[in-house]
Structures are given as C-alpha cells and as structure tokens.
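In what comes next, chain A is part of two complexes: it sits with chain B in the first one and with chain C in the second one.
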Partner chain A sequence: MWKYIAKRLAMVSIVITGVTFVVFSAMYLAPGDPAEVIALARYGDDLSVSQIETLREAEGLDAPVHVQYLIWLGHLLRLDLGKSLVTSEDVLTEILQKLPATAELAVASLLVSLMIALPAGVLSALRKNTLLDSGCMFVSLLGVSIPNFWLGLLLIWLFALTLQMFPSFGYGSLKHFVLPAFTLGTSMAAVTARLTRASLIEVMGQEYIVAARARGFDEGTVLIRHAMKNALLPVLTFAGMQFGYLLGGAVIVETIFSWPGIGKLLVDSIFAMDFSMIQGCVLFIAVLFSLSNLAVDLLYAVLDPRIRYDRHD
Partner chain B sequence: MNRNFKFILTICMLLAVIMASACIGEEKEETAKDTGSGESSQELVVGISSDVNNWYLEMFAGGDSRFVWSQVYETLLRLDSDLKIIPGLAESWETNDNGKTWIFHLRENVTFHDGMPFDADSVVFSYSNKSYARQAVLRPVQSVEALDKHTVKFVLAKPMPLPYYLTHVAWPVMGPGCLDAEGKFVKPIGTGPFKFERQTKDQEVVLTRNDAYWGDKSLLDKVTFKVIPEAATRVIALETGEVDMIIKVPEYDVKRLEAKEGIQIHRKLTTFTDFLQFNCDSSPFNDTRVRQSVAYAVDTQAIVNEVLEGIGKPAGGRAYSPVMMYSDPDLKTYTQDLEKAKTLLEEAGWKDPDGDGIRNKDGKPLQTTLIVSKGVWAARHNPMAQVVQGALGEIGMDVKIQVLDDGGISKLESTGDFGMILRTGYFVWGPYPRHFFVHHSANPYSHYHNETYDQLVNAADMAIDTKEQEELYHNLQAYVIDEVPAFYLVHEEKIVGTGPSVKGYTISSEDPWLNLSGVYLERK
Partner chain C sequence: MTDMIEKIKIAKKECLAEKRLNIGKFGKNWLAVSGLLLIAVLCVFALFAPKIAPNDPFAQRLENRLLSPSSEYPFGTDELGRCIFSRVIYGTRISLGIGILVVAATSVTGTAIGLLSGYRGGLLDEAIMRGVDIVMAFPNIILALVIAGLLGPGFSSVVLALSLTHWPAYARLVRGQVLSLRKRAFVEAARALRPSSFYIMRKHILPNCIQPVIVLGTLEIAHVIIFASALSFLGLGIQPPVPEWGSMLKSGVPYLRTAPHVTFFPGLMIIFTVFAFNFAGDGLRESSGQPVSQEVLAG
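This part shows the complex of A and B:
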C-alpha cells in the first residue's frame, strides 16, 4: 500500500514539473508584453514608449527566457509564486484567499449532484426501459445540454427575481450557496446519473448477482451489498475528477453569481493580462487537480481489492 | 485491513466532509446576520462591476475603483455635474507666467479622516515624484512646494493648463496618514464626504459618513459598494432590491427597466466617445481618401438607433462629446453618403472591374481587419463592429472582425498587422481635450504619424489663454474631420439605475465619477 502511494506521489511530482514548464512557456509565447501590462497598471493609458522600456529593465523582463524560467522555478521552490503585475499583491496569498470559497462551492455542488444523480441513476437502472427510466434519462440529457450560464441566469430569474427566495449574487450565508451549487450540481448530476445507470445495469447482469439472488437474498440486499459496491467504482472516479475540475474554480458560475473564487480570479487575470497571476493560478489548479486524482486513486485502492497492489499488511 | 473497517472509514470521511462544509456555511450565516441587523435606513447599496484594485497614489486606480475613490478622496479642483470647473480643496488658483508656475490657495479648516489637518504639506505629499501621476500625466511638473501653510506652488517644465488636470479623481489629495511610520500603506485617508471602513476583496467596500466633512455633509450614514461583475446579475440585483443603485446599465436593458415601477433610469452624455482607429501606417488606410470613404460609408445615426437602442449621440466623426470643453458646435461632421464614399475609393485607385463586389488595386483585393476587444466593452462594441462591417461591404471593402483579448491586440499593434481598432475612452477624464494625444507620434497606441498634427496638439496643450485654446482645439477637431486618423462614432451616455427608495440623485457627466451629494433613502 505505501509503495503504491509513494509511486503515485512520484508520478504526481513529475507531472507537476512538466506543468511548470508548460505554464511558463505558454505565458512566454502568449501575445502581450508584461512590461506594457505593468506600465498600464501603474500609469494608466497615458504612456510613453520610454516608460515601458524603463520598466522592462527594472523588472528583469529583458533577461533571456531560460534565465527567467530558472529564476521563476527558484522562487517556486521557496513557495514564492511572485507578485501580481497589476495589483502587486502576493500571488499565493491571493489564491489562498480565494480557495475557501471555491472549495466550499465544490463540496456543495458535488453533494447536490450526488444527491440527484445516485437515486435517479439507480431508479433508472432498476426500472430499465420503463417510462420512469426514459423520463430520468431525458431530463439528464437536458441537464447535459443546458449551458451553465443560461441555467444560472434562469435560476436567478426564477428564484431570486420572481419568487424572491434566494439572493441573486454574493457569498457569505448558506442561502447564497443554493443557486450556484444547484447550477453546477445539476449539470454534473446529469452525466453522473447516466454513468450510474449504465454501470449498474452492467453489474446487475453479471453472474455473481444471479448467484446472490439464488442464495435467497432479497433484492435490496443484492442491490446494496453486492451490486452497488462494484457499480459505484466508475462513478467515484468520475465524481473525483469533477471535484478536481471544480476546485479549479467554476469560471462561468463564479462570474454570474459574483462568487469570489479561483475561477473568477483566473478570468480576471486573463483579461488584465496579469501574467504572474495567471501562471500562479494555472499551476495551483494543476497541482490541486493532480492531488484530487491521486486521492481518487487511493480511495479506489481502498475500495477495490483488485487494485490494491502489493499488499503487505 | 478489515473490509468493514474500511467501509466505515470511507463513510466517516464522507460525513466529515459534509459536516465541515455545513459548519463553514453555518459560520458564514451568522456573520451575515450580524451585518444584516446593523442595517440602518440610510445605508445605500451600490452595485459596481469591479473591486477597488488599489487605494494609494503609487498606482493608477483602474476599472470601477474611481467610483469609490470619488467618495473618499477629493481633488484641488472639482467639476460640477455639467463639467464646469469649481473650487475643491483649493479655493482659488493663479498663474503669473502663462502657465509655467501655478499657485493654489487652499481651503482652511479642512481635516483628513484621521483628524489631521489638510494643508500645503499634504498636497506636496500627494504630488511627490513617487506618485504615479507625476510619472505619467503630470510628467511636466518639476517641483511642488509649500509657500506657506495654505499655499502651494507647482513649477512646470513647460506651460500647461494644470487646473484641468488636477480635477481628476485618479490623482487626488491623500493624507500622510495613509502610511505607517515605515512608509507602508495602511488605509485610505482622504478628505471626502465618506470614510473608508472595510473592504472584503472582490465582494464589498463599506464606507461611512465623514461627520467632520467641510462641505455639505452627506444624508447617508453608510455606502456599501457590492462587486457584481456580470451585467445581467447586476440588473437583477437592482430589480430584486438587493442593491439600490447600479452603475453602467447595459443599453439593451434600459427600456425594460424604465417600464418597471419604482426603478429609475438616469442618463447623461459623458466624456467618452467610441472611435474607429485606423492603421494609417500601411495600406489601405495610409491613403487619406480611403479613411474618408469609411467616414462617408458608416451611418453613425444608424448605430445609435439600431445597436444602442437610441442611447448616445451620433458623432459623425466629431472627436469630442458636446459636453467637453471646446467641443465645436459648428463643426462640419459626416453624414452617410455612399456615392461619395465610392468615388473616393475610385480616386484612390480601388476599383472593381471584375464585379465581384470587392475592389482591387494592383491585383490586391481591398481586404482589412477590424479588431474588437474582448474586455468590458465587448457587449457594446461587437454589434457596432458588425454595422461598420456591413456598411463597408456596401462600398466594396471586405472587413473581417477579430475579437481578441488585450494581449492579442497589443501584439497586432506592435507588428502593425491590422486595419482598424474599435476603442473608447482613451485619455478622457474631465472636460479637457487631452484625448488628441492618442494620435500623437509619441504615444505608443498611435498609428498616425504626422508632424503637422503633432505640432498642433503640442501647441494646443501649451496654450493657457482660453481664447487661444478654443481656437486651437477647434482647428484640431476640423483637422481630425479632414484627415481622419480615426473616425468617431458615438458619444456615449452614462446610465445609472436606482431603486424605489433612492431620492435626490443627480447624474453627472464626469465618468468614472459618482455624485452622491443630496442622495437619501426612503425605505418602505
């Protein structure tokens, strides 16, 4: 078990090293001049060409690219992601400030999605090819197809404007969670429900289920103790990956609901051409994503003995 | 490991996550209630699109920051709601050598929010060479000195109508109390009608009334600026009553909101004018006749009517909004004339012998690009660009619209690989016509290089005598009409929406600037 964990951790660190390289070169190749960005942020539009050049020298932006990369990497090792070009604030501090909002929304939407998807998927699978099944699957098709921003605005219109039940924007109370978490949760639920259904149907057709039934277990026991355990494995992987995505910030939903999370931070920095902030955010999201995948792998190993390699305990 | 144990462990982990998230939510709920119960009847809530990114004079206050700055900080001179210069922290001002030195006589008995007196030293502090204004727009200022406790002298390298520049809220007077003993910025200290109370990054900024204010004290106890980046959400928040006022209402929502009971829409021509900037350094727009033909082809009245719901004023090439100083009311602007546009293209050598609808010259088709930024103006500029594209198609010009982020635009600008850019609001603050510098060779965003024009702009900016200024600026406007370094499309209107409880609001032309004097609330 520990060996497995160590192996996975080693792979994660290789991935992250690769990510630093990709992130840095992407920023270097991206259009736009960091020196100009700094100049614009400090002095506004009313600029002269010489001011931009002075800043380029002062900020070390005239150094060769590999030198800049190594300097950046050196800072990274000391957990220093640099300072924002636009606000001069520390990038890591800024990201960590946004993390709780994003993480809370991620957990809440994951819960919403599982609470909808699991019952719907299981019901559909058990009542395969009935009206109930088609109904559930039709709704979930809608859920996949409806874009987030539209659903979000629709929910705001209905629950905030017409019914006045929930606030239309902001962050702070439990009520503020409802609309964004529901917007994100439902679109995730759609895919999860379909996956649960397919996986459960497959498992229910296997011989060990027939065997379990033959031994006289009632249908509920067969479903929960025998079928679900196996059927839920792919669902778990998928939910874990979704969670990884969500931790990277749900860009559109965060923007619509003025949710102060990482997704919004990233979009704002992209529009402001805040290179160091974009680098920091992308790197941070990549790390989180790798870690959440690692967590899923480990959980998988715990749940499925077939995956638990070299067991020494 | 025992299997059941693992199962229980997994369940426990899940439960822990659920509990943790519930706890976080719970905690937040309580704090929300705390602020909620303290809500007084005179607490105005304003929805803005971006947070205050900076509070100190070392950096430019971008985005919507200045709406908030204009409540906390004040300038030496002010503008009234029609952009006329009025005394601010300075009661009077003078120059004895035609604009190379300026002396300001400061208002007495004014205190900063921290109780310190406002005096000549604080003006020296605010315009020291550490301030970004001195490194940017106030570059010609050589020194700022206190002559006595209430008199300040600005010495410039060249004559400059400094008072106009000092009306701008992005370079206001700040108290030395902004800094701690080591010179680190701690909190905003100004002289304005409201004091800074707290800021929750990307969520809200709370200001409270300055009871020691020297002028008319505000009728409001508190102003909360809520950051709502999405325009549609901002509009809904006004409709649900979650905010009392929103700035920058989208044009397409105006009619619907006006029809709603209790909601009021306030509109006024502002200093911003959208313009189509040409790349005058390369073909086809290096030929003045081609630029003129664009000016004849595009119907700016149609843009206002069809795209902007009748909001704004067609510019027809006029560089300056009628609310600006020296905007020439008798200026001969463009009205659509497709025949004339076609004739000009013919004269420039662009003909269409093969009849495919696109003109050619020396075997090259008349194709060009029109760049639109993805930023905050996109919702307004995208449809405008399409109208331009349609109009130019009619005279045989094939225009491709490119929607790019600012990085992409700046790259194309440096390589010169573009035809036109749609822009607004460059160098426009207050009524003073600084904007002409946009087409000046020294400007990195200029794509027009003409010595006569540069000299005209320099002369106008150095003129102090108002008669002389007026004449020079009228000449410049006529020059821009003839030479068309850019074709000016629409004078923008500023749109503010207020809810049923807001009374006494007067919209001002200055942008970005929020006038809250006289505003009070009547909650039902």
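This part shows the complex of A and C:
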C-alpha cells in the first residue's frame, strides 16, 4: 500500500511537470508576438514600438524560450504565479478568492446529483427490464444529451424570468444556488444513475447475494447491508472524479449565471488575453484535478481491500 | 455428462461471441435503431440543406425581427430577422462536420498511438502513457477552451482544439485491448512465423480492437458536438453570421425574456443530434457486450 502511494505520488509529480510544460507552451499558440499582445492588453490600442520593447525587457520576454520556461518554473516553485497583465493583481490571490464560490457550487451540485441519481439508479436496478427501468434510463440518456448551457437558459427563462422564483444570476444567498446547482447536478445525475444501475445489477447477480438470501435475510437487508456496500464503490469513485472536475470551475454554468468562480475567471481572462491569469487558472485547475483524482484512487484502495495495488498498474 | 459438455460448448460459444457485434440484438433495441434513423435524418438535413430550408439562412429582414413561429418561419426569426429554421438546418452541416472530422482524426491517431504503445511496451509505452496522463490531467473542456481561445475563433481552431484534447481516450482504450490480446494464443501462434510486428498488429490485433473504438467513436461524436457548440456559445468557437447552434443560442440570450424561441430551437437541435448519437452508440455498446464504464471514462 505504501509502495503504491509512493508510486502514485511520483507519477503525479511527473504529470504535473508535464502540465506546466503544456501550459507554458500553450501561450505560444496565440498568433503574434507575446510582448505586443501583452502591451495591447495593458495600454490599449495606441502604443509605440518603444513601449513594446520596454515591456519585452521588463517581462523577460527577450530571453530564449527555454530560459523563460525555467524562470517561470522557478517562480512556480515559490508559489508565485505572477501578476495579472490587465489588473496587476496577484494571480494566486485572485484565484484563491474565487475558489470558495466554485467549491460551494461543486458541493451543492454533487448533492443534487446524488439525490436524484441514487434512488433512480437503485430503483431501475431492482426493477430491471420493466417500464420503470426503461423510463429512467431513457430520461438519463436524454439528460446526458442536454447541453447544460441550454438547460441553464431554459431554467432561467422559466424560474427567473417567467415565474420569478429564483434570481437568474449572482452569488450570495441560498436562493442563488438553486438554478446553477440544479443545472450542473442534473447533467451529472444522468451518468451517475446509469452507473449505479449497472453496478448494482452486477453485484446483485453475484453468489454472495444468493447466499445472503439463502440465509433468510429479507430483501431490504440484502440490498442495504450486502449489495449496496459493494455497488456504491464505483459510484463513489465517479462522484469523486466529478467533484474534482467541478472544482476546476464549471466554465459554462458559471458564465451563464455570472457565478464569481474560477471558471468564469478563466473565460474572462481568455477574452482579455490576460496570459498570466490564463496560465495561473489552467495550472491551478489541472493540479487540483490531478490531486483530487489521486485522493479518489487512494480512498478507493482504503475502502475496497479486495484491490491489490502491488500487482496493479 | 452430456449436459455438462453441452454447457461447456455453450460457454465456449459465448466466449467467442463475447465482443462481437450482434446485429440481431442491435435490431431489437428500438432505441438504438431509432438513434440510427435520426442520424440518417440529420445526414439528409446536412446534405440537402439548400433544398430543405424554406428561406435563405443569411437573409436579414429587420422588419421581421424576433417573430414567433409561423407558417412562413416554422421556428420564428432571430434578432436580425433571419429564419431560425433555415439556420438550424444549415447548422447540421457545421456540427456534423466538426463531429465527424474530430472523431475521424482522434480515433485514427489515438488508435495508432495505443497500438504502438501497447505492442512495443517498455520505455516507449511508459512515455506515451505519461503523455496521455498529462492531457487527461486537464478537465478536457478547460484545455479545449484555452486552445481555442488562444488560436482565435473559427472552424479550424475548434477542430484543432477538440482534436488535441480528445485523442487520449482512444489511445488508452486500444492499449488496454492490445495488452490483453497480445498474450492470447492466436497472437502467439501468428508470431511463431516471425512476421513483422506491423503485420501482426494489422492482421491480428487491430481487427479485434476496432469494435470498441467504433462504439467509443459514436459516443464521442455526441461529446464533440456538445463541446463545439459550448465553445461557440462562449464566443470562442464558430462566430456569427455562420449558423452554428451554439452561437445562435448565444445571440438569443439578450432576448430570453421576450423571444425565448431564439434560444429554444437551436438548443433543441443540439439535443436531437446528441441524443441520436448517444442512443446509437449505447445500442452498439450493449449489443457488442461492453461495460457501461467505458462510456463513463469517455466523458
């Protein structure tokens, strides 16, 4: 187990190093000279050549690319993500300020999704191949197919504009959570319900369930005490992965509902061509995502002693 | 005793049939068949858009702006007085085009990379798999968003952004298949004659990987179409006046209160399309006996 953890940690650090490289080189995808783009973002349209050259020197953009990368990496090691090119705010401070809003939305949507998905999945599995089951699975496949920007707008139109029950944008009170959390939660619920159903059906077909029934336990006990414990493991992993994904900011939903989170920060900085903010956000999101996936894997190993990691890779 | 032998025979048959597409089973899955029919309808829309669309999708008539659905304009008109129905029909060309292009590119490269990685093994495999891990370390909408944003909006940058972010799923899938196949007796037997590795991969391994790749590809078309329209919705993909569903939705947002149909119908078309591919893909998956988890991983 310790060996497994050490190995996974080593792998994650390799991956994160790779991530920094991808993030750094992505900035060179933008057409044109970075110094010029930055100068445009900072001083607006009327700028002189000398301004660009001064900026190039000040930002260290005149050094060779690999030197720039190493310098940037050196800053990263000191947790210095640089300053925003537009507002000159510290990038990391800005991101950490947005983190709570994103995390709260992630928790709320995860709750919504589990509250819908678990009952639906379990019910479909128990009533396998009945009308109820096909109905649930039809709805869930429909749910996977609905783009969440459309669902979000539909909810805004219905509940915010027409019925005026909930606010359509902003952040602050509990009411603000309802529409964004529901939008995100339902799209996650669709997949989670399918997974729950598949997993429970598989477990219910195993011999130890037959054995438990033979021992005379009633169906409820068999389900809750024997089957669910194992059936929920993949669901838990998936929910964990989804949570990590959501921590990176639900870009679209945050944009629609003007939710002041990391996803919206990223989209705004892409439009402003704020290179250091884009780099900071993407790096932060990727690292958070990798670490949360690692945490899920380790949690899985703790919860399911059947998994032997010394053989597994 | 005979009973037992029969059972073994049946078991063997099932084992052989385990990952073969069962057309009979697919035919009985009415959802999957209807998915396939819907895809056919969409292809007809895309191919014959000029014949089907009642109006010119680019013709602006400002006196007709934001009209509700009527017989002349089945889905109403948008903020510039253009026929939404015609634009939605033309939009199939863009979305299907992006979906097919990206899936074609990513499935071929992903499969090639997965084959190489799984068959060669060793250091190369390790390097490729870490590369896959690195791409997968980004929630994939984020990376696509940044790439498309930096490249600047447009058809080719959407295709490039989605292609660069969607290949690892195939590489992982195929590598897994290769690893389990290369130890099988028939591959060992083929290797006894010492043909080139390329020959073994092409003749014995690739045909056995192709089916899961097709299933994944079908489901991926659905994902890619959603992603592409999401990028356009955010303003980082296809730009107006091109009739792309996501950007049409975006242009309807300011009129959500007074003219919800401007956002409603393009979204409905996305759902219709994605639904079709999801159903067909799901049916294919079920009739070729693959687990649900594959689809989940692809998300």
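Convention: the second predicted complex is superposed on the first by the 294 of 313 C-alpha atoms of A that agree within 3 Å, B and C clash if a C-alpha of one lies under 4 Å from a C-alpha of the other, contacts with A are read in each partner's own complex, and residues count from 1 in each chain.
Just so it is clear, contacts are C-beta pairs under 8 Å (C-beta built on N, C-alpha and C of every residue); 3 or more make two chains touch, one makes a residue touch a chain.
Values in this document were obtained by computation on a predicted structure and should not be read as measured data.
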item	value
Fit or clash - chain C, chain B, common chain A	clash
Touching partner for A:D33 - first (chain B), second (chain C), both, neither	first
Chain B versus chain C as contact partner of A:Y208, first or second or both or neither	neither
Contacts of A:T255 with chain B and chain C, given as first, second, both or neither	both
Chain B versus chain C as contact partner of A:P234, first or second or both or neither	second
First, second, both or neither for A:V107, with chain B first and chain C second	first
Contacts of A:L153 with chain B and chain C, given as first, second, both or neither	both
Touching partner for A:L161 - first (chain B), second (chain C), both, neither	both
Which of chain B and chain C A:I270 touches, first, second, both or neither	both
Against chain B, colliding segment of chain C, chosen among 55-63, 163-171 or 199-207	55-63
Residues of chain A that lie at the interface with chain B and also at the interface with chain C	30-31, 153, 156-157, 161, 255, 270-271
Partner chain A, residues of chain C touching it in the complex	31, 130-131, 133-135, 137-139, 141-143, 145-147, 149-152, 222, 226, 229-230, 233-236, 246, 249, 253, 256-257, 260, 263-264, 267, 270-271, 274-275, 278-279, 282, 291-293, 295-296, 299
Chain B-facing residues of chain A, complex	30-33, 36, 40-49, 51-52, 86-88, 97-98, 100, 104, 107-108, 111, 153, 156-157, 160-161, 164, 167-177, 255-258, 260, 264-265, 268, 270-271, 273, 299, 302-303, 313
Chain A to chain C touching residues, read off their complex	11, 14-16, 18-19, 22, 26-27, 29-31, 138, 141-142, 144-147, 149-150, 153-154, 156-157, 161, 191, 194-195, 198, 234, 238, 244-245, 248-249, 251-252, 255, 266-267, 270-271, 278, 282, 285-286, 289-290
Residues of chain B that touch chain A when the two form their complex	1, 6, 9-10, 17-18, 20-21, 24-26, 28-29, 31-33, 50, 53-54, 58-60, 62, 132, 135-137, 139, 170, 201-203, 226-230, 232-233, 236-237, 239-240, 242, 374-375, 405-408, 410-412, 414, 426-427, 434, 437, 442-445
